[in-house]
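Could you have a look at this structure, given as C-alpha cells, before my questions?
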Amino acid sequence: MIALEERMAAAIAALILDPAAPPVRHIAVGAASPIPAAACWLVKKGGHPVRLSLLHKHTGNPFTEGTRELFDLTGQGRIDLFFLGGGQIDGQANINLIGTGDWPGSKVRFPGSFGSAFMYLMTPRTILFREEHSPRVFVPRVDIVSAPGVSPPGVFRRGTAQGLVTGRCVFRFDPARARFTLASVHPGETAENVRASTGFDYDEPADVPATPDPTDQQLALLRGPVCDEMLETYPDFCARVWQRRASDERAA
Amino acid sequence: MALENLDALAASVPDGALVALPPDNSLTPAAFARALVRAGKRELRLVGVPVSGYATDLLIGAGCVASVQTSGVSLGEAGFAPCFTRALAAGLVKVIDATCPAMHTMLQAAEKGVPFMPLRGVIGSDILAHRPDWKVIDNPFAASGDPIVLLPALQPDIAVFHAVMADPDGNVWVGKRRELATIAHAARRVLVTVERLTDRNLLDDDRLAPGTISGAYVDATALAERGTWPIALLDEYGFDAAHMAEYAKLARSEDGFRAYLERYVLTLPAQAAAE
Amino acid sequence: MALENLDALAASVPDGALVALPPDNSLTPAAFARALVRAGKRELRLVGVPVSGYATDLLIGAGCVASVQTSGVSLGEAGFAPCFTRALAAGLVKVIDATCPAMHTMLQAAEKGVPFMPLRGVIGSDILAHRPDWKVIDNPFAASGDPIVLLPALQPDIAVFHAVMADPDGNVWVGKRRELATIAHAARRVLVTVERLTDRNLLDDDRLAPGTISGAYVDATALAERGTWPIALLDEYGFDAAHMAEYAKLARSEDGFRAYLERYVLTLPAQAAAE
Amino acid sequence: MIALEERMAAAIAALILDPAAPPVRHIAVGAASPIPAAACWLVKKGGHPVRLSLLHKHTGNPFTEGTRELFDLTGQGRIDLFFLGGGQIDGQANINLIGTGDWPGSKVRFPGSFGSAFMYLMTPRTILFREEHSPRVFVPRVDIVSAPGVSPPGVFRRGTAQGLVTGRCVFRFDPARARFTLASVHPGETAENVRASTGFDYDEPADVPATPDPTDQQLALLRGPVCDEMLETYPDFCARVWQRRASDERAA
C-alpha cells in the first residue's frame, strides 16, 4: 500500500532530479511543507549531494539569522529550488495564499502570503504542490494574487514554476506560454478525471502516462531515514502517513 | 535596565501600541502575551516578524488587538489560526498583509535609520496593490527600465521577546536567534522576558557574547519561567504539541476560547499549568 | 568544503580579484596575507570592511595590490600605514575612498541581493563627488525635498577571514565577530583560515551556533595557527604591539620593508616567528 | 605637573557635561581617540551615568556586529555624542581626514575619512579635538572635505560641532553662523598666541578666560581608574602620559 503522500514525494523528487533542469545544489523548504520536505530528504538520502535548508527544523536548523537568512540566501542567488502551495492556483501558475472573495479574503481567509511574493520571483525553480485537486483549488483565475506565475518583460525574475504536483497528477509549466501541460496521472486517476477536477484549462498529450510508483528503494528510504529526519518537525504528518511518533521512540 | 514583575511589564504597554512579536519558532514571548490578556490591553497593533502564531491568535481572541501587520497567521501543524480567522470575518480586526522579506526589510531600514530600503520580487503581487505605503521606482542603477519596490522603515513602539538569560547590565542571551537583534535595534522600547538571571556579564564572555543582545537596547526585563511555552525554547525545552492542539481545538469556538482563557491564562500562572 | 594547505589556499586567489578583508580588530587573515605575498599575487583589488590595516599595508608593500577601496588605512596606535602612503604618492596604487557605514551598506545590499541601499549623511562630503557610482535621489517617502544617497551593491569576488574553529561541514566559529557573516554572505567565494579543527558540528550546539557562520557560505578552509598574529584573536591571544611597532618602523623604508618580508614573510612560517 | 592630554580631557569632559547642551546618555568613541576616551571615562568615573561604546576596546567591546553596529546605533538616533579629529579643520568646522593638495591627497595623504561623513551629520553633538594647534591644521578652508561642518537646509542632519578642543584652547561653534568663538585658552597660552596659530578667522570675546585646570579629583581619576580602563586599548598613550604599561602590571 503506497500512501498518496509517498507518491507525491516521489513525483516531486523526480522533478527535482529532472536532468533537463538546471542542477540543484541548495534547496530550501518553507513552513508547513511536509511532502516537499519528504521529497528533498528522499533525494538526499538517495545519495544526491544537495544542501537542504529546512526552515522549521527545531534543532540543527542551519540559520542564525532566522527566516531573514533564507530570504537573503535567495536574494544572493544561492537557493536553486523552492516549493510553494496555494489555497488557489490558476492556469497561469498564479498562487493565492491570502483568501477567496474580495481582499483580504472576504469568503475564506487563508493564513497569508508568507515569503511567496519574493521567493517565486527570486528562485530559479519553484515546484508547486497541493494535495487537494479540485475545482475549488485549481481555478481559472485566482481571486487574489499572492505571487504571480509569470512577469512582464523588464521585471526582474529568476525563474517560474517548473511543475505542479497534486493528489491526482503532475503538470509541467511553460512560462513562455504561461500554461500548464498534464505530464502524468497517478495510478487510479484518468486524464478525464483530472480534467473534470481542474478549474483551469491546460494542454494534454494524446497519451497521458501514469505517474510511476515509488520504487521499493524509495519507499524504504521514505519509511526509514526520511521519516527519521522529519519526526521532530512534522510529528502529525509522520504519525498520519507512517504511523510513527517521536514520543514512542524517546522520552519527551 | 529594570527587572520587573511579568504582569507589571505587560501593564506598561500602552493601549494602541505598535508591538513587534517574533514568530512561533523564535523565542515567542507567550507568557508575556498571556500577561497582556490579563492586563486587559486594547487596540494593540501587532507586527509579525515576519509571521504570527499562537501569541497573536490568543491576543486577537481576547480582544486586545486592533490590527496585525504580518505575512501570515497560523498555528503551524495545528492548522489555521482560529481567533484571527473569526475576528477577521467579523470585522473585529484589520489585517495588513505583507510578505516575509518585506517585514524583515522594513525593520532593517529602521535598524539602520534610513527612511526606506528596496526589495526584489513582490511586483505583480496583489499585496503591493494594497500597500499604498510601498512604492515602485525605476532602479537608478540600471541601464534600462527596472522597476523595484521601495519599502518604508517600520519602527515598532515596542518589541517583545523571550530570552534564556539576562545579566545585571540588561544584556540578554538569545542564542542563535540573532534575528531578534533587529527588532531590538529597530523598536523604540524593548521588553524581554527571561527564563533565568545570571550574575556574569554576558558580553564579557567570548562564548556567550555572540548570542547576546546588548542591554543598550533593552528597556526592561521580567522573569518568566517557561516563557515561550507551549512553544519550544532552543534546547531548553521542547514544543508542547498536545497543548497547541488543545488550544487549536478550544479556540475554534468563542466558548472554547473562553474556557482556554479561564484554564490557562486568567487564573493560573502559565508555568504552573505547564508542569 | 575543502580543507587546504594555507599556501595552496592563497595560490587559489586569481590575480586581479576583488578581495574583501576585515579590519585589524576583526579576525584579520594576517597569515593568509603573508601567504598571498609568498604566492606573488598581482593586481589585487582590496576592499576594507570598512577600513584597512596591517594586511593591506603588507600586500601593498609587496606589490600585490592595484587598488584599495576603503574608509581608512592605518596601523592604529602604530601610526600611518607606511607602504600605502608611499605607494599612493608614487602612483603605484589607487585608493577609492569611502566612509565606514557606506562600506557596510554596499556589502549588505549584496547580502540581500538588492541593487542598492540608501544611506543618510555623506551629502556635502567630497567623497560623494569622487564616487560617480554613488547617486543622490530625492527620498520618495518625504513630503518635501529630502536628498539621500543611494549606494550600489558591492559583491567581492573573494572574502577572506580567520576563524577560531572549523567543523567537518565547513561551518566556522567567529564568536562575536558576527559582522563577518555579511562578507561571507556577500562574496562570490569565501576562504577561511582557522586556528584549529573540531569534530562536532558547530551549528548543532546551541552554545556555539550563534557565533558560527554556516558552511553554506564557505568554499574552502585552511589551518593557520596564530592566523591573525600580530593582531589579537578574541580571547585566544593578544595583540603583539611590539611586533606591530617593528613592522611600522621597518616599513618606513623600502629596504626596511624588504627586511621585514625576508624575516617574517618569505622564509619563515609566520607562526614560528611568533613564538 | 598637569599633562596637556589631561587638560584636554578635562576640557572635553566639561563640554560633555555642559548643562546648556542636551543630556548625554550614550557616547561612542571611535578608533585612535585616546584623549576623548579619557574624557568619557572621566565623566563616567566621576559618577555621571552614561553608556560608553568604545569601538576599539579589545575585550568587553559591547558590539557583536562590529563597527556596523555603531553606525546602525547612530542611525537609530541612540548615540548622543561623538568625537572627530582632522588632519585639517577649517573655520566652518569642515574636517579633512583624507589629505592635503588635490584629491585624494597629492601633498600629504591622511589615513581616510573613517565614519566621519556619516557620524558628523547623524549625531546630535560632535566634539572636535586636535592636539596640534597650528596654521597647518587649522586652515581657512580644508583642501578636501571629509565631512561638512554645516549643511544646507533640506539636508537631513541631526547636529553639528559643539566645540573644538585643541592643545592651546577651547572653541565653541555656532552652526547658524558657521563660525567658531574662542571660549578659553589653556594656561600658558594667550588670545594673541591662539590667533597667530590659527589659520581660520573666528570670534573672540573682550576677555578670554583661562581653561580651568583639572581638579585634584579629576587628576586622581585620570591617573587611576581612567588609566586602568585605557591600558589595554591605548598602551602607548598610557605609557606616554601616565608612565604606566599593562605589561608591568600583569603577565603578557
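Think of it as A, B, C and D in the order they're written, each chain with its own count starting at 1.
Here, contacts are C-beta pairs under 8 Å (C-beta built on N, C-alpha and C of every residue); 3 or more make two chains touch, one makes a residue touch a chain.
These numbers were taken from a predicted model, which means no experiment stands behind them.
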{"item": "Labels of chains that are neighbours to chain A and to chain C", "value": "B"}
{"item": "Contact-richer chain pair [B-D vs C-D]", "value": "C-D"}
{"item": "Whole-Å gap between the CA centroids of chain B and chain D", "value": "41"}
{"item": "Chain B-chain C separation of Cα centroids, rounded to whole Å", "value": "36"}
{"item": "Centroid spacing, where centroids are CA-atom means, of chain C and chain D in whole angstrom", "value": "28"}
{"item": "For chain A paired with chain D, centre-to-centre distance based on mean C-alpha positions, whole Å", "value": "59"}
{"item": "Sites on chain B at which at least two other chains make contact", "value": "112-114, 119-120, 146, 148, 176, 178, 203, 209-210, 212, 235"}
{"item": "Junction residues of chain D, two or more chains touched", "value": "59, 61, 63-65, 71, 75, 122"}
{"item": "Full enumeration of touching chain pairs", "value": "A-B, A-C, B-C, B-D, C-D"}
{"item": "Contact set on chain C toward chain B in their complex", "value": "105, 112-120, 135, 137, 139-142, 146, 148, 150, 152, 174-176, 178, 203, 206-212, 234-235"}
{"item": "Interface residues, chain B side, partner chain A - complex", "value": "22-23, 25-26, 50-51, 70-74, 76-77, 80-81, 84-85, 88-89, 95, 97-102, 104, 108, 119-128, 130, 144-148, 176-180, 182, 232, 235, 238-239, 241"}
{"item": "Parts of chain A lying in touch with chain B, wherever the complex brings them together", "value": "31-32, 55-56, 58-59, 61, 63-69, 71, 75, 97-98, 103-105, 109-122, 144-148, 151-152, 154-156, 234-237, 252"}
{"item": "Residue ranges of chain B in contact with chain D within the complex", "value": "110-114, 181, 185-186, 201, 203-204, 209-210, 212, 214, 216"}
{"item": "Chain B contact footprint on chain D (complex, rising order)", "value": "26, 51, 53, 59-65, 71-78, 122"}
